[in-house]
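Next up: some structures, all given as structure tokens.
Heads up, the next two complexes both have subunit A, just with different partners, subunit B and then subunit C.
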Partner chain A sequence: MEKKSGKAGGVGGFILLFLVGLVGSLIVGWVVFPSLLFSQKTQPIRFSHTVHAEQGMECEQCHYLTEDGQFMGLPSTESCADCHPDETGEDTPNGKEIDKFVNEYGKTGAQVPWLVYQYQPDNVFFSHSAHQGFQCTDSGCHPPVETMDAPPVYEENRITGYSKQTMKMWQCERCHAQMGTSNACYVCHK
Partner chain B sequence: MGIDRRAFIGLVAGGVAGTLFTPIPWKMADDLSIWSQNWSWIPRVPKGPVAYAYTSSKLCPSGTGLKVMTVGGAPVTAAGNPDHPLSQGGVSSIGRSETYMLYSPARVKSPLKKVNGKFEPVTWEEALTALAEKCKAAGAKIACVSGDQTGTANEVLSAFIAKQGSSAYYMVPSEKQSAAKAWSLMGGAGQPGFDVDNADCVFILGADMFETWGSSIRNRKAFGASRDASGDAKAAFIYAGPERDGTGSVCDAWIPVKPGDLAMVALGVAWILMEAGAMPSGPGAAEFVSYVKSNCSPDKVEAACGLKPAVLVGVAKMLAGAKAPLVVPGSPCGQGGSAAAFMAGMALNMLLGRINKPGGVVALPALPKAVDGAMDQADILKNDLLAFLKDAGAGKAPEAVLFYEANPAYGLPEADAMAEAIAKIPFKVSFASFMDETAALCDLVLPNSLTLERFDDVASPYGVAFNVYSLVKPLTKPIYDTRTTADFILALAEKMGASLGFASMEEVLKAKVEALALAGGFIAKDVQPWQALAGSSAPEPSADLWADLEGGYAWVLAAGAEQTGLGYAGGVLAKAVKPIEGKVVLAPYARQTSGTPVMGIPAQNLTIVPDNELINTATFVKMNAETASWFGVSEGSSITIEGAGQKLPVKVHLSENVMTGVIAAPLGFGHSAFDQYSKGKGVNILRVLAARVEEGAGVAVWDGAAVNIA
Partner chain C sequence: MSAFKDFDTTWVMVVDIDKCTGCGACMAACQTENNIAPQPDASNKLRTVSWMTVYELSNKMPFPDHDMAYLPRPCMQCGNPPCVSVCPVIATDKNENGGIVSQIYPRCIGCRYCVAACPYHARVFGWYDPVWPEGMQKTLTPLTSTRPRGVVEKCNFCHHRLNLAKDAARAQGKNPEDLEDGAYKPSCAEICPTGAISFGDAKNAKHKVHELIKSPNAFRLLERLGTKPQVYYYSKREWVRRQGDNYLKSEKV
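== the complex of A and B ==
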């Protein structure tokens, strides 16, 4: 008479462990893997878009197109310093951030190394000028930062080095197709 | 409880199946493909506002105006400035490399001092103190060697050694110096210039004018302007030289002439013009007529050079029949040109009545100096660097020598002997931007900031028919711990108690520009200088010259120096005209793609160096099939060239663009210094080139030399 081994086995054991493997891999794939793939970074300055919006500032005061079509996506240290030339000395969270900017960048002249959520790879030519007819956030391209008191966490892909929000090519192509715009290679890859 | 084999397979199968329904395989495949394209050595596109700034190239001898694109303030690319008369939108491969060379691995990144045969970094203060002590000790036994053919920095450096009591200031030999010596022998005043823009028949006597002679980009533009695609050519171009090179191949005719025979050919044409009634007058005319009539008849030219009389007659007819003929003498390799050929070519211009005429020869008056005590350019050009270094090699070196933008250990004929001579100089300082062959021999290397990092200027490059002045201004902070040499010399003079009266090169240049404003001239904007030479009214002088120069425009003065003593120097010519004796003549040529002695080969240019010049470490020389048959060699054969006591291994490339009896060899290879893009690439042809001194003229010449082939 065969002695019972005490191990999970047979068809029941196969199905049981198949399910364990299936569920486990789904958890790893959907929960663990994303958290491992992306590192989280914070902006060098906790810039509050809402505070600036409440002051009556328009987006275009800092993010604007020049006459030749260049998009000035990030304000320079000099332009920030126009409004924040000196330390505030305030003990509030916002005051401390302003003082941090003044001391580390305004006084040294260094540019703030902002983390840009949507930078495209070098081989992609994206023109904001050609996309002026679209809303920045409603179109799904940018997060609605104007409603945020603190910038969203920047998630960087550990393998590619790109931001998690970097738009993929299929997204560009889909929108182009929907808008009836050419999807020829040279449209984006010069 | 354990699991058996079947259950384990179930676990794995479940895991695999589940994984397929997660992002892992698909995201990983996508990300890994992106990762594989993002290696650390791939340059990244900088982010930031794109802007354009204007300056002029100092690395390129043609002195072209540059339009530099900056991204976020960092220079990215350099193109030709369409508003600059020497560029007109064109740029040489050297000018284009100004941005790339900022990041060259060969750059000297900080001041270096040689200790026990090895360089060690020092601070600028330490370097200043050390050099001040050495200069004080040397006193008047100090010399300077400069490779800057166009800069006011020469005023600063020459004034500095003049304060020490020395006049030993030497320029690295160039077309400018060869011409200056020959022009001086003819009694000419000013710097010879050639109004190619207004000429309708240009006889190019050896000068590789679309590559290495004069302001080559401006020459190309003038040639292009004469070739309007909508109609007939407005000017004929004839090239006489040993190789149908970049210049000869686009001209209307190529006349094969060995370097040593260029003077004879020009005088053969003069003989025909004189037979047709042209009569020289002025100093030396009698000897000239006598010599030409006795020695330069077409049959004698044929006997000496193998050139059919009909060819000479054809050239003479074209020149005599043109409204604005012009003869442009020069060296096929951009240096070491024959004084005899220059004088013979200029004699032709005089015979044709082309001095100080639109489309003719316009010698430029000297520009005002800014620095008190600076030597006159004409006096500097009389000093002979080759003779100086040969004396140094013979133990007559001064105590200290400053090398500014100069690499004579590589870029002179008999390069090995020159390097040995430099090694014997007791104390030597290089202000090189790159670790070149001469810097490697020096005791101190004090890196000069590059063009885009410094204040400097470009004044009237050789060959242009109008005085032209362009400003060089910093477009970025120095990438490394470098300084503008002129700033350093001004500080050195101050420290030694011999102030030159300026605190910075910027101040010197502002004084220079003030002096220029007083000299007249105008900004080349609505009216170009060649239009002014042709009779157009010159516009009013600039109201703010400095601002216009900063904006990338050039100041120009379209007026020729008065010639009161110009003659034919017949007596000198009679002695100087001699062929190069030997079965085969080595004729060097230079290409802008191979850089210059002070910059090495720009890394990005290596891809456009052709396979008939360099493959891996092998240099190719060109000869035609007939010459090859003399030596029993064929395409790809390995040969050895012997000359100047040296032997160089090269390979053969057969080309019918080279005349019989000539081996055309590329300069610019065979560096023993710089970086991996220059070092060990081929051989330096200058090592087997021996300079010959032309009798009567006393000028060293190395545009060709007899060599042996083994």
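== the complex of A and C ==
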């Protein structure tokens, strides 16, 4: 006659299996899947905000609002070339990076394909001029790049193509609610 | 039906039917401004996408008494919108100051209840993928999002132009909630060669439309349904005003 296993041992084995499964799924859900979901990209030029800030440059020299209230987020190749028209010939990491810019973009006139951490979907209208009263970094919208020698890693969602850092709708809505600003659909959507 | 929604600012359009020549420039301007793709079969009027449509009116009298008119029809942005209360997913709402009825395409599930509810046929369903033939993609504007096949779309008084006008007002140190007359205009109003389309804030006495809508010659379509449209029409011709609603022969308009 076949011997049945002890009742208590069966339950214990089940709990052990359950725990292994639970921990396994948590690792997959919290660690494995997110690392698979986002691909890491680096900026075409290792632009150092600190070097430029140390020169005494204001943020607004490159990131400014036009007369009609539209935000010019990225400087053009031409405006970078105003200060960097020629190769430096230096052997330092920064010098090489400048030379890379001059050779690949400055001389050809092509625009640098900067990866923008905050690009919003097509149907979002974000107005920088409406948010002028807020600090760019202290309010949590942008990373404090002025203290970074290298731009942060750009993480791209492999499914949607959006940046991981892009502000989510709930973040916009929460701040609007806290500030007492309207959360009507067309305040942000187009 | 939901209750009438009133706002501090009420954007209204006033169309002078006596000035409209039926040229269709408003329709063309609307299509380019709002990224409406060229239609696969533009002759099939049941499946074409058009936010602004010009209708032809006739007094149906024999010569020499015959007369005709043209009536451009955008979304009426009703004060009491029948489309909003039927939407099961709140993809459409009337909740922003100015009273423009919003339509959020990614939220729309394409059930088309709103198309059936709208008494003005202002809402259209996208039956086909929007495709821009080679070269024509250059006409795309980043100011309006494109819609996929299978969602409902409609005129929104070129709402992105309101956002841009507010931004410009902020840059000039003006109050974005109190725009000057003409600072914000939909593309149809801007393009109209005869100036038949006026646009402004009905609550602002400095805006031209504030007076225009008080004229005895001003009327709204199907006014007695109680939808309270934000689009007014204007005609000195009694037969034109009479076609704005279903009047009895004995009634004076």
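Here are some notes:
The working rule: the second predicted complex is superposed on the first by the 182 of 190 C-alpha atoms of A that agree within 3 Å, B and C clash if a C-alpha of one lies under 4 Å from a C-alpha of the other, contacts with A are read in each partner's own complex, and residues count from 1 in each chain.
To be clear about the criterion, a residue touches a chain if its C-beta (ideal position, glycine included) is under 8 Å from a C-beta of that chain, and two chains touch if they have at least 3 such contacts.
Please read these numbers as outputs of a predicted model, since none were measured by experiment.
For the composite obtained by overlaying on subunit A, subunit B and subunit C cannot both be accommodated without a clash. When subunit B and subunit C are set side by side, the one touching more residues of subunit A is B.
By the touch criterion defined above, A:Gly89 reaches neither subunit B nor subunit C. Contacts of A:Asp122 after superposition: both subunit B and subunit C are touched. When both complexes are overlaid on chain A, the residue A:Gly56 reaches neither subunit B nor subunit C. By the document's definition of touching, both partners, subunit B and subunit C, reach A:Gln70. When the two complexes are overlaid on their common chain A, residue A:His189 makes contact with subunit C while staying clear of subunit B. In the superposition on chain A, A:Gln132 contacts subunit C only, with no contact to subunit B. When the two complexes are overlaid on their common chain A, residue A:Gly180 makes contact with neither subunit B nor subunit C.
By the document's definition of touching, of the two partners only subunit B reaches A:Leu19; subunit C does not. In the superposed three-chain arrangement, subunit C is struck by just one stretch of subunit B from 8-16, 62-70 or 98-106, namely 98-106.
Common to the subunit B-facing and subunit C-facing surfaces of subunit A are residues 66, 70, 121-122. Within the complex, the subunit B residues that touch subunit A are 1-4, 6-19, 21-24, 27-28, 31-32, 34-35, 38, 44-45, 47, 49-50, 72.
Considering their complex, residues 93, 95-97, 100, 102, 104-106, 142-146, 156, 159-160, 163-164, 166-172, 176 of subunit C touch subunit A. Residues of subunit A touching subunit B in their complex: 5-10, 13-26, 28-30, 33-34, 37, 66, 70, 72, 111, 116, 119, 121-122, 157, 159-162. Residue ranges on subunit A touching subunit C, taken from their complex, read 65-70, 121-123, 125, 127, 129-130, 132, 182, 184-187, 189-190.
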